[in-house]
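To keep things simple, chains are lettered A, B, C and D as they appear, and every chain counts its residues starting from 1.
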Amino acid sequence: MRLRNILWRQLDPEAYGRNGLSPINVVVVWIVVLSSVLAIVETEPTIERLAPQTFMYIEQILAVLFAVEYLIRLWAEGENPRFGGVRGRIRYALTPAAIIDLAAFLPSLIAPGIYSSPMLLRVFRLIRVLRLARLGRFSRAMGHLIEAVTERREELLLSLILGSIILTFSAAAMYLLESENNPEAFGSIPRALWWSVCTLTTVGYGDIYPHSPLGKVFGGLTSIAGIGLIAMPTGILAAAFSDAFQKSRTQRQEFVEQTAYPRAAADAR
Amino acid sequence: MRLRNILWRQLDPEAYGRNGLSPINVVVVWIVVLSSVLAIVETEPTIERLAPQTFMYIEQILAVLFAVEYLIRLWAEGENPRFGGVRGRIRYALTPAAIIDLAAFLPSLIAPGIYSSPMLLRVFRLIRVLRLARLGRFSRAMGHLIEAVTERREELLLSLILGSIILTFSAAAMYLLESENNPEAFGSIPRALWWSVCTLTTVGYGDIYPHSPLGKVFGGLTSIAGIGLIAMPTGILAAAFSDAFQKSRTQRQEFVEQTAYPRAAADAR
Amino acid sequence: MRLRNILWRQLDPEAYGRNGLSPINVVVVWIVVLSSVLAIVETEPTIERLAPQTFMYIEQILAVLFAVEYLIRLWAEGENPRFGGVRGRIRYALTPAAIIDLAAFLPSLIAPGIYSSPMLLRVFRLIRVLRLARLGRFSRAMGHLIEAVTERREELLLSLILGSIILTFSAAAMYLLESENNPEAFGSIPRALWWSVCTLTTVGYGDIYPHSPLGKVFGGLTSIAGIGLIAMPTGILAAAFSDAFQKSRTQRQEFVEQTAYPRAAADAR
Amino acid sequence: MRLRNILWRQLDPEAYGRNGLSPINVVVVWIVVLSSVLAIVETEPTIERLAPQTFMYIEQILAVLFAVEYLIRLWAEGENPRFGGVRGRIRYALTPAAIIDLAAFLPSLIAPGIYSSPMLLRVFRLIRVLRLARLGRFSRAMGHLIEAVTERREELLLSLILGSIILTFSAAAMYLLESENNPEAFGSIPRALWWSVCTLTTVGYGDIYPHSPLGKVFGGLTSIAGIGLIAMPTGILAAAFSDAFQKSRTQRQEFVEQTAYPRAAADAR
């Protein structure tokens, strides 16, 4: 089964010996990106109207391609000690990456005639855009970035909770101050929350804002609090990245020192 | 009084031997969160209208629950050496946490009929949302985050003062430039302050903005100053978190070294 | 001249022996702050109309107070070796702090009748708000913050220049793409600059924004570039503060070590 | 050829012996900046109308000046060992800096009569603003800043990719939720992308925003995700600058130590 071994080494990024992606996976990445771009563009009626048939055909071809790729991957993973035999394949098929791969083509293979309701059609289109999630399996560097973030997940979660409490309090206070003059925008705390989130994240659409002088004073204070709210996760992430970079540099330096002066390093032990 | 001791260890987070929260406190946290969500949702007239009676009954039950919890806590704190006896209980009742606990249910127990004026009703509702503040006593990790922030309170306060001065100057300058063309928005410095705060925090609702060319030039400069204003607290917090993380890592490392080489550490002393 | 010496030590923050501000200067700071608040509030016609005479009288009293303070300072600085004699007083009167002190009361002492033109009146009011700048002389801690910032002035200036170039290019490109459809907003590069600055600083008033699809694509790219533009000064300032804090901590530690083990430190030399 | 050597040392920033820019290059920088300001101002019809002839003459003079400068540079580069002879000059003319220099005056020398179409005229004006890019060759300090950024280009690229995926998903989800009620703004994913980019970068023009309650909930979550999206590059850049500053400080310190204790440093080797 030399072919299966070659395919496995080509398709599984972790089985590929060299740095970067194998040629086959580079092609797969490009097809995934282009298929997502197509799925995005297709939703625009003024574009879709130009050649509805063509779009449908391309979509069908892409779905078949992804299905073939899925089956080859399933077969080739037999080389992986973890996924040998029928049982191993089932285990492979249940990994998150394989489920995402399956979800990327299955809805398109099922006759699109059933997407008669516009809501179902939109859900179906959303799924096609989600194909981008397939890229996750190909990126190791993304992993390092995400690792640095997840290492501080506790602090980030806390700043999220703190943010939620500030959000709620500012909405409740604005409801107190403005609901009389501005019942449409601030008539209830859930409505005021829309203003709160727009202000504290400094998005500021400007669809609703306080009108009374007291409301404006409080709105200004909320905007200033928003700066602190943004500064906290930024500060946490900045510290996390700074640590991660320093760690990787120390490791590299230690590696260089041990390689350059192997005897000295051995003596030092 | 074994029951009182068990209750104390369950209810007082600082008396609980293990990490995290005791099972009873986990339940209390969830009830507090849900009761706040309910208090938020209830203010929306379109939802409250669906079942006004039900909302009132749930609220009454929650208030009774919190009252019972308050009394049990008061009783159980007798185990705490600091709060023994009647005098100790009074001292406990005057701690900020206990006052917040009391404020969380007292207004709901008092006949809601007195909240006839819409303003009083809104104040009452705000108090119910503030129940979220009860969560403060349960979070030790939040304490670490807040500690890192408070350690830099001087620098943060200074950047706030600096920000206030920039805010005032930009408002005064805009009043100078735009009050003629745009009296409604920039007719006085307090009015211009609303624009200043929206711009310097980069919220930018867009309800008021300069119209004259000179005003736009100055408005652009203010926006750019706003970046600096945001960068300052962000930088301070980033440095504070970076320090806090490094300190906690150094401590952990020292702990590991002392545990791994206890004799060497002892010799070194 | 014991009185002059006491006054000098009370009035000159650098001659005051202890930490913080002298009691007299605390009072001066409060009067400066309150006088600025008054100057801000007074510009609001709906408030000024309530008691125009009272506002004018308070203002006159404040101006006289500041004038008296100015003269006492001028006299007391004779104790300062740098400012002795008539020549020294003239040198003192020409320091930036003294000029600001003078500008804070002189326009109010000159008969306000000459501020008949509304423009002159607004300039006069602006000057009164600028009294806040007098606070600068009282804050040493502010000095440390500003020092940390000025140490990186080169990098901050460069990021400002880089930002200006990006600003100009994005305005020029938008002028190319949108001036046909949207001549009022994008009919020239200076007009497009107003959009550019609003977008790159993420203020986003929403008074003008691209309408054509191509303009929106480019507008989106500009918004993303804006994140980088904000990130650069924030990163520079974060690094500056981090350095400043670490330096101050190292100094404190060295101080502690030398104080705790004076002999060891002496031996090590 | 002493004149050519002097000119070369004056014109080529890398051949200039001292710090900073040579007097001739300072003049060139100022002319470039002023010519760009002129090119910007000239596009404003209300200004251009005042003296169209004058603007055209100044522009022609500037173009001739830049052409002369270009030819002198070309001649003087003969002193540079890398660009000697005719072949060397051709190699020099193909460097990016020389091409930018050429593009800065060539379109203005070609008879402006051919810019009859308004679109061509705008492209021509854009090119004139791009003269600012000529400044790049004069700034070494800018190089250090850009180096610190490019060293982290992988992480920055990754955060850009991660941002694009979040952008796409939020647009697709909003299309699902709002396209029914709000077909003009959210009728397709490309249209929803305009909202996504405005929200995630916290620009928030406010031309389109969700109207349905579910859309607002999701919009709020997107705004909060936007904070994270901004925090990531900010954190990366902050860490990069922090590293760059520390490195430059360590180098300076090592330099000082080696200069102060040259023997000790030599012994240590």
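Convention: a residue touches a chain if its C-beta (ideal position, glycine included) is under 8 Å from a C-beta of that chain, and two chains touch if they have at least 3 such contacts.
Model, not experiment: these values are computed from the prediction.
K.L.:
When A-D is set beside B-D, which has more C-beta pairs in contact?
P.N.:
By the number of C-beta pairs in contact, the winner is A-D.
K.L.:
Same or different: do the copies chain C and chain D touch each other through matching residue numbers, with over half of them shared?
P.N.:
different
K.L.:
Which whole number of Å gives the spacing of the CA centres of chain B and chain D?
P.N.:
Using C-alpha averages as centres, the distance is 42 Å.
K.L.:
Counting only Cα atoms for the centres, state how far chain A is from chain D in Å.
P.N.:
Roughly 30 Å, centre to centre.
K.L.:
What are the residue numbers in chain A that touch two or more other chains?
P.N.:
Residues 190, 193, 198, 202-206, 230, 234-236, 238-240, 242.
K.L.:
Show me the residue ranges of chain A that touch chain C in the complex, using the header's touch definition.
P.N.:
The contact residues of chain A facing chain C are 202-206, 234-235, 238.
K.L.:
With touch defined as at the start, can you tell me which chain C residues reach chain B in the complex?
P.N.:
36, 39-41, 43-45, 118-119, 122-123, 125-126, 129-130, 132-133, 135, 139, 141-142, 145, 149, 160, 163, 190, 193-194, 197-198, 201-207, 229-230, 233-234, 236-242, 244-246, 249
K.L.:
Could you please specify the touching residues of chain B with respect to chain C in the complex?
P.N.:
152, 154-155, 158-159, 161-162, 165, 168-169, 171-173, 175-176, 179-180, 187-191, 193, 199, 202-206, 209, 213, 216, 219-220, 223-224, 226-228, 230-232, 234-236, 238-240, 242-243
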